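In what follows, subunit A forms one complex with subunit B and a second complex with subunit C.
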Partner chain A sequence: MSESCKVSSERRGDVAILWTDGYINNQGGEEIAREAYAQLDSGVRALVLNLEKTRIVNSIGISILIEVLEKVMDKKGVLAFCGLTPTIDKTFRIMGLAQYAEIYPTQEDAVRSVTAHPA
Partner chain B sequence: MSQGGSAPPGLKSAGSREVSMTIPVAPEMEIVATAQAAALGEYIAMTRDKIDEVKLALVEACINAFEHADCRDEQLHLTFRLGGEKGREWLEVEVLDKGKGFDSTAVEEPSLEKTFQTHRKRGWGLQIIKSLMDEVDISSGKTGTRILMRKYK
Partner chain C sequence: MTPPGPASPTTRIDELWKRIGPVLESDLPLPSRVAEAAVLATGARNATLYLRERDAWVRTGEKIAGPLEPGELPEPLPAGVFQRNGELWLPLSAEGSLHGMLRLHGVPEDPPADESTLLAFLFGSLVGAHGLARQVREAEFELKARLLELESLYDLGLSLGGQLDLSALADEVLFRSISLTDAGKGALVLYDDADRVLLERSVGGEILVPQDCRQWTLPEGGLINNDSPSDGMRDGSCRKYLAVAISVPGRRLGVLAVADKESRDGRVLDFTATDARLLSLFANQAAAAIETARLHREAIEKERIERELELAATIQKQILPRDLPAVAGLEIAAKNVPTRQVGGDYFDFFPLSRGRLAFLVSDVSGKGVPAALLVSTVHAAVHLQIDEAKTVADLIGRVDRHLQRYAATRKFLTCFFGLLEPDTGTLRYVSAGHNPALLRRAAGEVVQLKATGVPLGMFPNASWKEETITLCRGDLLCVYSDGVTEAQNAAEEEFGLDRLSNALSSHAALAPDALCREIFDEVEAFVADAPQYDDETLLLTRLVG
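What follows is the complex of A and B.
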């Protein structure tokens, strides 16, 4: 029955794209954080989280995404989300995440924008 | 804070069609509950986005109870109702726990700014529920908590 989230990633220069697949709860959030921190520690400046294969992110998962955002901000990096369902998009905006992280409709838009960001 | 009992005012459910289920307090059982919400939402041809909002609100209500209610029977009692008023169909979900209750008026409204300043990043559940559902009623007392939430089609 497990809906556990799978996370994969790919580095493109100083940008890392992370893809999620499934329910982002505490385990899913921790999986994302592990992958994100590994990418940041290896010198990545910008993270793009593509959530197009995720339909539910619970508040525990979001709290872990906020921790990732804090770490990115500490490193003066950029965090961008893309592929959000309208409900996830709405939830992120309710929480004010859109003020600190960028939200784009597509991965192409997100990568283009974070690549153009000054270091 | 009011004691749970009969249907709260403002969310009358007379004449509605309902499905009940009980889920154990266990990891990912909230996903079992969302499958039922989705099936009933689809039954009244609710849009996928609205069904997703009901599912997320339900997930939040369940995990709040899992984490904080300290349920005596280790279960959550869920009732899903379909109804309609003045041509507007709705899906209503009741989440009932037999836990220790809480004072919903004393729950501090979260903000991301406050969240950044603290180690604890949690406390968003009720805010998310209230934002995603059209009507929400919370009644809680020493014998448990009931969250009643309704989404119009």
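What follows is the complex of A and C.
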């Protein structure tokens, strides 16, 4: 597994898809937050985080994802996750991320859902 | 007309609330609401709110949030309203605890003392409530993290219970260990039975030196090293680590280590006893699963060997003659007792023209399917070449060339091949490295027919000498495999050539088939319960014509 988490993104209308590759820890979480905030500041309303290339998340990473989620909610936006391993899926549900962000099996499902989500 | 006097306190509070109420009730984050309300209430040019979070002060604000610069807050922190360098500082307290400091810059005139106190109380209450909410959130987060640990232990047990793939098992254990200890890095090494590195995994960079950490003394519950890396860790790979042994009673299966525990502010934290306990639990589960996987692999290997042996036995059984030939002037007996390992003994008879009989006994090196396949090749070669060969030596040469060319394995075999003419008693034979055959003369003498060349398949272009000897009426030829003479008893003593020779003499009056049974009975009595590892083959023929 690579040393650090890489984050890439693509904007599709008012939806931005963020792909992570690697360990979502402090550094990985900061990378995600930086990219997410940049997208939100540029007018994106909905974020889809595709974690299919991530197999580990620690509690620091989760707390940063919660901060991102709070920021999205402050801006009345929506956040969705997809491509989670069963372990990460369960982690997100236990840690409360799934309470305010939807989890979808595929990116297509997530994008379709947030696109239809009312602003 | 009376000039307007100072507004009453009630009126001032009403006016103040009109100014700041809408901001305080807005959807902005609380620190922004407090700072904006403070500016509106005091007419300051700007306001900065500092909050005490856990054990540290942080600066809040849209673009300025972050840790403090040295000397940014007054020291010691004032208990009441405080002025410094044209700035007004309001300590924000609630229920006796200081939760925040409000710095107001460019205040046009000092607000009335009672108004400052009111603002400090109001903002202190808000900030205190905000801090309390944060503490509740953090406590809830911690609680969830503990629940996640328990769930992970449970899930890991379930997951590893059915996990027979060592690589997947190692990933599962390592990923969960790193995740739940908040480590930045981690590694897992497994060793095989000979203490060689069987598998190595790492995340966040390599931290272990597998051969060195195999020797580590790891106490029960793990080794916490928050000071400096030691032998077994790669130089400069980490600052703090926690390592535990993956062990079953009597043997270390591997080492699991995590390094550099992270914090939200980028510091490397010490590993705790709780981390060590968690990692030990993971290591225990991993050890149980690895042992299960190893036992499963062994069971599969055993099953594979059993199947292979069954196949080899089937091959051998189909090749050995089902019936003995009836040849005028000869009494014949032959028997093969295969061992469990199927050694690759082979005997055969070839009735030829003019009442002659050819026969062979061979013993292939090795066991199992490779040996059985070589026997099969020899069987095919002899049957193909026997009608073409001009002499026994020529036949053996042809079989050897066939083996050199077609045999799938580079094994060799010993072989005694004889051609007997009952009419004349002439025996022509070649012994390719085979045990000496025994010819017991009717008069009682036992003659050894020794090897006339090297085993087949051993050297290219080898040749064999053909010997001739004449049998008389009543003479008995005994050809056997080394499984008979090398059969061992519990004291590792061999049955030996002498006992075989004596048995031939002691029971000379018996017909070959009865003698064959008698010899096998004697061998069986000799070895008793000692396990045997080689096939036993005996071929007897007596000239009676």
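As a convention for this text, the second predicted complex is superposed on the first by the 117 of 119 C-alpha atoms of A that agree within 3 Å, B and C clash if a C-alpha of one lies under 4 Å from a C-alpha of the other, contacts with A are read in each partner's own complex, and residues count from 1 in each chain.
Keep this in mind: a residue touches a chain if its C-beta (ideal position, glycine included) is under 8 Å from a C-beta of that chain, and two chains touch if they have at least 3 such contacts.
Only a predicted model underlies this, so the values are computations on that prediction, with no experimental measurement involved.
Student: Does the subunit A-based superposition show subunit B and subunit C clashing or fitting?
Tutor: clash
Student: On subunit A, which partner touches more residues: subunit B or subunit C?
Tutor: Greater contact footprint in residues on subunit A: B.
Student: Figure out whether A:87 sits in contact with subunit B (first) or subunit C (second), or with both, or with neither.
Tutor: A:87 contacts both subunit B and subunit C.
Student: Could you look at A:33 and tell me whether it touches subunit B, subunit C, both or neither (first, second, both, neither)?
Tutor: neither
Student: On the A-aligned overlay, A:23 touches which partner chain: subunit B = first, subunit C = second, or both, or neither?
Tutor: Once the two structures are laid over each other on A, A:23 reaches both partners.
Student: Once the structures are superposed on A, label A:74 by its partner contacts, choosing first (subunit B), second (subunit C), both or neither.
Tutor: second
Student: Quick one: is A:55 in contact with subunit B, with subunit C, with both, or with neither? Answer first, second, both or neither.
Tutor: both
Student: State whether A:97 touches subunit B only (first), subunit C only (second), both chains, or neither.
Tutor: A:97 sits against subunit B, while subunit C stays out of touch.
Student: Report, in rising order, the residues of subunit A that make contact with subunit B in one complex and with subunit C in the other.
Tutor: Touching subunit B in the first complex and subunit C in the second, residues 1, 3, 23, 25, 55-60, 63-64, 87, 90-91, 94-96 of subunit A appear in both lists.
Student: In the complex, go through subunit A and note every residue touching subunit C.
Tutor: Listed in rising order, the residues of subunit A that touch subunit C are 1, 3, 23, 25-26, 55-60, 63-64, 74, 87, 90-91, 94-96.
Student: Okay, in this complex, where on subunit B does subunit A touch?
Tutor: For this pair, the touching residues of subunit B are 28, 30-32, 34, 49, 52-53, 55-56, 59-60, 63, 110-113, 115-116, 121-122, 124-125, 127-128, 131-132.
Student: Can you list the residues on subunit C that touch subunit A in the complex?
Tutor: 27, 29, 140-141, 144-145, 147-148, 151-152, 155, 171, 175-176, 178-180, 182-184, 202-205, 262-264, 266
Student: Note which residues of subunit A are touching subunit B in the complex, please.
Tutor: The contact residues of subunit A facing subunit B are 1-3, 23, 25, 55-60, 62-64, 66-67, 70, 85-87, 90-91, 94-97, 99-100.
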